[in-house]
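Labels run A, B, C and D following the written order; every chain starts at residue 1.
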Amino acid sequence: MSVSVTVWNEFRHEKKVEAIAKIYPEGIHTVIANGLNEAGLDVRTATLDEPEHGLTKEVLNKTDVLIWWGHAAHGEVSDEIVERVYGRVMDGMGLICLHSAHYSKIFKKCMGTTCNLKWREAGEKERLWVISHGHPIVDGIPEYFEIPQAEMYGECFDIPEPDELVLISWFAGGEVFRSGCCFHRGKGRIFYFRPGHETYPIYYQAEVMKIITNAAKWAAPGSGPAPVFGNRQPLEKLE
Amino acid sequence: MSVSVTVWNEFRHEKKVEAIAKIYPEGIHTVIANGLNEAGLDVRTATLDEPEHGLTKEVLNKTDVLIWWGHAAHGEVSDEIVERVYGRVMDGMGLICLHSAHYSKIFKKCMGTTCNLKWREAGEKERLWVISHGHPIVDGIPEYFEIPQAEMYGECFDIPEPDELVLISWFAGGEVFRSGCCFHRGKGRIFYFRPGHETYPIYYQAEVMKIITNAAKWAAPGSGPAPVFGNRQPLEKLE
Amino acid sequence: MSVSVTVWNEFRHEKKVEAIAKIYPEGIHTVIANGLNEAGLDVRTATLDEPEHGLTKEVLNKTDVLIWWGHAAHGEVSDEIVERVYGRVMDGMGLICLHSAHYSKIFKKCMGTTCNLKWREAGEKERLWVISHGHPIVDGIPEYFEIPQAEMYGECFDIPEPDELVLISWFAGGEVFRSGCCFHRGKGRIFYFRPGHETYPIYYQAEVMKIITNAAKWAAPGSGPAPVFGNRQPLEKLE
Amino acid sequence: MSVSVTVWNEFRHEKKVEAIAKIYPEGIHTVIANGLNEAGLDVRTATLDEPEHGLTKEVLNKTDVLIWWGHAAHGEVSDEIVERVYGRVMDGMGLICLHSAHYSKIFKKCMGTTCNLKWREAGEKERLWVISHGHPIVDGIPEYFEIPQAEMYGECFDIPEPDELVLISWFAGGEVFRSGCCFHRGKGRIFYFRPGHETYPIYYQAEVMKIITNAAKWAAPGSGPAPVFGNRQPLEKLE
């Protein structure tokens, strides 16, 4: 199974903020792409400031799974590209939204809710607990793992009830969060995964990359039927 | 429990097509409103061609549950009003979308999918089977009931997996359809209910009005907490 | 809506352990029954050492919702009574299982899983977060509340994915737990609610009793159809 | 991915009833095993009248996915073997229950409901509609397929709401049925698949064997963490 992944990154923080550039000198997308490459997936990257944000029809048509990282510039993503990505998800392309991509146009469009949440930047400890032990997204993951310093995301996370809830986070400051959430939308599969603030080296952590890799495999499209819509005239007599 | 319901109708077919005017001389909304009134609910109506489509802030703020019927003029509903209705659903207002409202802007926005389906106008028999016998929406309903002549709606119905699946339809022509679907979005509850083509007297049928009435009671907002979003600085020490 | 509730308690700890008797001198069931009575519900109690554990056919037939508290003597509950309770749940009686009733015969039978979990008795702080803000079970509840000293229950909680997940707990020692879980089984509704160790005065806490009261109203049976099973010969011709 | 499958069959009808022996001279299990073998899976069979019903600890421990067909002799399956199978499902073994196995001890135990349904033997037409187009269980399947002559199974099917609903059947006589249902129980995955009466050659039909094959791959265990249960003393201080 060769899964073709496109890793999309806003790629602004890394160019503007020295502390972030030190952690991700070539951008968050490069670190994620390297991790997926090492796991044997077929990976390319795309970023906001490329033409069409790097998401041409050609690129999307050969993408099995799109990984999305955005934060400060959600509003600069063109509605036309969002519609293009959305159409591909409906047709079966997988979508993995990381961390602050909870507030991206594409994730909000697919959810139908505000996708709002609580947050706090205090470098506190996060513990992610596996809730669904038999799920392929947690293959090779221990029953919990810790991120030593994380931005807190807390409930209420205003999403529809996930079709499969895989991970719940505990934070030192007293909050909990549904951190690994699967959604089925159209023919596509969507995974929201919480970890990943730009000021911490979280995407270098083995468990985090393992889950992203597993999720890419899980979200890859199969060969189920294309839905048929519209007028089904005339009425047949069935015996 | 006094539930305040607003019944919204596109109200165009009834004014333009004689055959439809014969069935619903005062509009589909009036028949539904009468049924809810008889059941003791507090009801008003609103239609597309009123100012602000009849859905002013004042009206929506006192509406517990909004019932929506639209078909040919979905595109004429202003985006501003759709956003207003959406905001109220996120805050807890119930929403009941009937029949061709599967393709309304507000329903599609809340679902995050295309909401497309199959259809056929052949006046065929429909049988609606109760799947969830303990659900309050089927109080007083037999295990199945029939609509003698219906427009067929068939799967694939491109919606997210319903949070509660209450009814499945059987059609004489060989199709099935998820006809009664509950969704939780934000603080609001949404019910999609399939029956109701404008060329058949379906809203005069007792089981249909009973389900709409039950759904209005089910979708009425409670007094749960308002979600709190945003920055939760600073980190407290918890013992 | 007058809901008829039976509160069942193992009622052993309170008679044997002085520290527990001080908190619940007349038994946990009495405190819960008093709370429900004050909220206007129609309440009776039943305990393990009564004939038929107090759960005669007559009692169960007039019970809308059964509340269950057990801990050390799950094995002493007779299989015949468990079958009787189970039959009533399938027919629509509500069931609320509190705290250590996660391991009761009736809860395990309805779940189809081991219902095992982690636990620790260290008097640590618990915070319960509302996840589903529009759910009637959290009417009148703030977005979170705390139990100052609680026995910890931690994931993995080996239950099927709840049909509705209402509350998630945070524990000072680093665990999380799905603390308020709704299940639909047969015509009946089941609510599992975590709080309530016998050595802490948790059932005197207003939020806890409010949730139990709300859950009793939520779990009360409606008037949906009785499922019809078995042979449906002969084949009718449908047009 | 080499999946190790054990196909279990009651294997009584085929020995006693000539009409059935003609269709399945070596038993239903042999036809299913041959189909899986051709698809490259590693298959063995087991039957009721073998010692330990063919389900020794050794056999079950090397089984990734157990397929179950039973009908007239559910009561003869020993409770000890049922417990053994159940333990393996909790530990991650997949379970596929076919047709009348809806009423097997192991399926009922995992569901926590009666698993009752309607039925009619009239050789009527069945149409199975794909509801979840992106699900791996429908890889290579058209949007619907027909079984020319089938025993009807109709709703109400008294199961918990499936974790994923993949197929819904339409029957000529006016019934509908949730025919392909996924459940997660413990670490295991369960698929209920309706087709397969002993008097029709249904397991020779390509779509039926394709779905069983897909389901075996889907239900195969992964390498997620083993749940850890029990006492977690002492309380650690977390910073």
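The rule is short, and it goes like this: contacts are C-beta pairs under 8 Å (C-beta built on N, C-alpha and C of every residue); 3 or more make two chains touch, one makes a residue touch a chain.
What you are looking at is a predicted structure, and each value in this text was computed from that prediction instead of being measured.
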Common touching chains of subunit B and subunit A: C, D
Between A-C and B-C, the pair joined by more C-beta contacts: B-C
Per Cα centroids, the chain farthest from subunit C: A
Between subunit C and subunit A, distance of the C-alpha-averaged centres to the nearest whole Å: 37
Gap in Å, rounded to a whole number, between the CA centres of subunit C and subunit B: 33
Two or more partner chains touched - positions in subunit A: 130, 132-133, 143, 154, 156, 161, 163-164, 172, 174-175, 184, 186, 227-228, 238
List of subunit A residues in touch with subunit B within their complex: 90, 109-114, 116-122, 124, 152, 154, 156, 158, 160-161, 163, 172-175, 183-186, 227-236, 238
Residue ranges of subunit D in contact with subunit B within the complex: 127, 129-133, 143, 154-156, 161, 164-165, 168-171, 174-176, 178
Interface residues, subunit D side, partner subunit A - complex: 92, 125, 130, 132-136, 138-143, 163-164, 172, 184, 186-189, 221-228, 238-239
